[in-house]
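We just call them A, B, C, D, E and F in the order they show up, numbering each chain from 1.
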């Protein structure tokens, strides 16, 4: 991937400010990537959280006793975050453990990471909201992970929210949900997304003045 | 149904301003209509959304390839909305497709519709909130419906949120959930709801000053 | 239990102001009480609700006809609330009935109760929020309980949110979820929670300045 | 209901021998009773079990401590079974308790009852099969009900498998599932079922010799 | 697809007699087709049912009123079955309708079809077993489809049991579950399956005489 | 644990022949161990399978790519089975992978193991039935585990079917389900089970001759 770090920062800032997730989903559809939207169970933990960055993956499994070393693999996963990364954690939709919290958010932000996406539970939601560190999760649970969940790998492909995520894929989430943008199409997808935003503006104006959806769809081809 | 259009507008404005859903549910109970409250999976997509109007129904099924004509039936369902209608869409609780979004909200509002209720997913939540167009749904998913869901009928009875909804029934939703008011009892139900609101005010006052619930219930018969 | 009533008031006010649920969960873990956090299905019904008090339990079962006496056992359960109590109701995760609402909240507050936790549905969410009476539940449904749910006992141990709750246990809930503090360890748990809060402040500062999580964890032993 | 006991015995023996559940479901459909088939979660616990009789209902709720009197209400429910009754128990799909077993089957058979239908778990499946006492349930669990489930009523209407069952309704179950035949239509339903069985035989013969389904359906109106 | 009809008959008879589903799943894995096994919710409705043939697909949606023409699309789907076809029906895991029964089985067999796979409910299980017509489904429900489910398409790709099935793909099911064999790899997959069966026989012999799994796996590379 | 190996063999043969799971569940209840019965999702994969032995535990997690070494930990878990062991595998109720099959059954039997209990899917059900090697699982899926599930530990406590299982605990399963007998009470539990079996015989005789359940329960105290 030829994109350099500073470009990523500019790109992700631009996406966060100007694009939105549903338009990226539409252009990925048209590029033939139709299984890139995570399922609806993963939600932002505070209103208006937006996340965009490159996936840094982790895999956690439920455990049922306190291991001799409960945290080392998790610490390694977090300490290896780089600027513009987003932690993407697969817990197999665990309802037992809690993968993320305030101190991990503080650590991740200090490494330059831009957010976290977990197909499981998190905690410390108010403090994370105060930090404005965007976290997406399936729910809240106030427990520590030690003896409940164990990181078994990081940096491997994972399925999170029903989508296969490779390390380095762009993940993008807002109030509508999350999409995963494969690296091979990221430039084309983002270019097309810019164009589609403009097209929707024109359709919206015609619909607001009372045109039939039938006519507007025939005119612009968007819905 | 003798109610004329202007009366509907006044009625629905009044209901939205002065009544609430739980009191309608209670009077429907007493009129013998005890299965009129939708289940708890359908929620307003933004805080304090209130919807009231006559049901205009649609039925959508999951599909697994791009049809030759993905949108025509959906466009017909939306373009046939009339003033004071509420779109009520049954998707069989689909977690695959996304039935509703901003452009459909814009279209529906331009036709005079008062909201949308979907037993499935929607998108563009922030823009819909900015429009203050009340939408109730089971969740958010950022995908387009083309090749995922297909409208197969509109204007037929559907089960939405566990309740059989006939076209023309009044649907009423607020932060507590949704009720469907069958047309044969709508006048009596609304009259009784007005009276019950007054009764609850008196009970509340007595409870606030510390009376036992036992005594207040014996006094007013409300809980 | 030697704790007197005024002490409970002071203690619960302090906990509500200074402590949080996840830190109590952690100290209970270390005291060997690892199954004290309710599952993630029970949520505060309005933002920033915090509840703390002694459990006053009730058990409700779904019913399918209007009983001759629909409310007496429920009224007895509510009228027996004492100052600093929190109503903890097990409905077996009913999706049929609605256990709690505004008038019950008004009654409970008039008795000095501090909140309600229900593993089922409630209604009147906006009015309860206006009262700032903290209620935690699995969802909202606008129906009355008569003929849908029936209180069959109060003051007995119940499992609520997956945790066995004995009458008199301290229950504590905030935006991260809920923990149940068994009476035998309540003093030690609260003392340790105070200390842990301080420890996390130091760790947070080190992480904010960019220290590796590995080093900070080795230094303070918290995550 | 004028049907006398001996007639019931003859009727139920005939139904068990000559009719089947799906044909009863079809004639109930045509009589306008379209919600009489239980959902697919309740299954015969041994192959080829067939049950038919009049519903004797019970309602059980999950409990979380050993009550002072765990069995009295359950014993009363069983001891009040009469000849040709079928025990229909609603447990709210409990996965905690186990409502039925071998000794209850022995008791029920000694009272002349013809079977049991439980929307929950049972045990002693092999011994019940040896008795050839038809039991339908959602699963098997080897636990005793004491301290797990408590009978709170018998002889009241219950919803079992999604269908409202009144005491005295005929319940009929075979390998395809279960239907509830309301008392007001039982004579007409059974008469029509006899006729429909004959019609299906003719259609089957034509289909077996290779006629198109289109033609056979047009000829006999059955599918 | 160059395979002629008589070859299909011979091939499917051979597969039914000599191969099994799990070995096909393994060779598809090795050919890079790793998402070809349906999920575990679809089961044979009688013991030892085995199905193999080419998929003839249908799509059904739940409906909530009796349509003017309830059966025509379904009849067309069934009457278009050809020899060696297997009906593969997607109902979106409907728990409301019942897609298949004895008369449809009779019709399908008369057309030369080899079985049916439904991600929903069926009925007439005992008569279908007597016919030895292999049907796989998620459960049994004794209802007619009219007014409950409606066929909206046939001959299109569908997702059934979590797997995308194209018309003409070989579907193969036994007591272990179901796999879908894409047409482009069917010849290679079946050749490799024959070889793998032989390899497993050698490994089994070594394991039976007590060799360590470690050694046998190193020797033959199968598990 | 003083019990020697030959005693275990004799004990487990006796239990398999003379005792049954529900009676063990009852005596564990009375000894104060009330959470020892697994949930109803784990079933014998063939009729009349009975398993009894000492738990040898394994923990598997879902994975989403082919690991460099897919089988080593699994092989180690299986090769370390000793005579009279039963493999108890926790997969977190995986619906993706398949933990067990014929070759593992062959290996386990060659090591002297008496069966396998998996809270996930297995395959090769017919061949395992031919071996009469008792396997209990949540379902059947025809896939290989490589790249779908990975063993991460063996010999640690696991939660399987909702019950905490320690290595060396006796696990006992039949057609009614499964119980875990903690080592500290195994001798007393088995002694009491022998006595209870006799008591039930007397109660059954009295019930068969028509005594009321009320009287028989008062006489023998069993239900």
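Throughout what follows, a contact is a pair of C-beta atoms (placed from the backbone, for glycine too) under 8 Å apart; a residue touches a chain by one contact, two chains touch by 3 or more.
In this text, all values refer to a predicted model and were calculated from it rather than measured experimentally.
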item	value
Given chain B and chain C, the chains that contact each of them	A
Any chain in contact with chain D as well as chain E	F
Chain at maximum distance from chain D, centres defined as averaged CA atoms	A
Most widely separated chain from chain F, with each centre as the mean of CA atoms	B
Homomeric contact chain A-chain F: same or different residue positions, threshold half	same
Listed chain pair B-C, C-D or A-F that repeats interface E-F [over half of contact pairs the same by residue number]	B-C
Computed distance of Cα centres, chain C from chain A, in Å	31
Intercentroid distance (Cα basis), chain E paired with chain B, Å	41
Computed distance of Cα centres, chain E from chain A, in Å	37
Rounded Å distance between chain A and chain D, as computed from the means of their C-alpha atoms	49
Contacts with 2+ other chains: residues of chain B	none
Pairwise chain contacts under the document criterion	A-B, A-C, A-F, B-C, B-E, C-D, D-E, D-F, E-F
Touch list for chain D against partner chain E, complex	21-22, 24-26, 29, 34, 37, 39-41, 43, 48, 174-179, 200, 203-204, 207-214, 216-217, 222-223
Parts of chain F lying in touch with chain E, wherever the complex brings them together	71, 74-76, 78-79, 95, 101-104, 106-107, 110-111, 121, 123-126, 138-147
Chain C - residues contacting chain D, complex	59, 61-65, 90, 92, 94, 150, 152-153, 156-159, 164
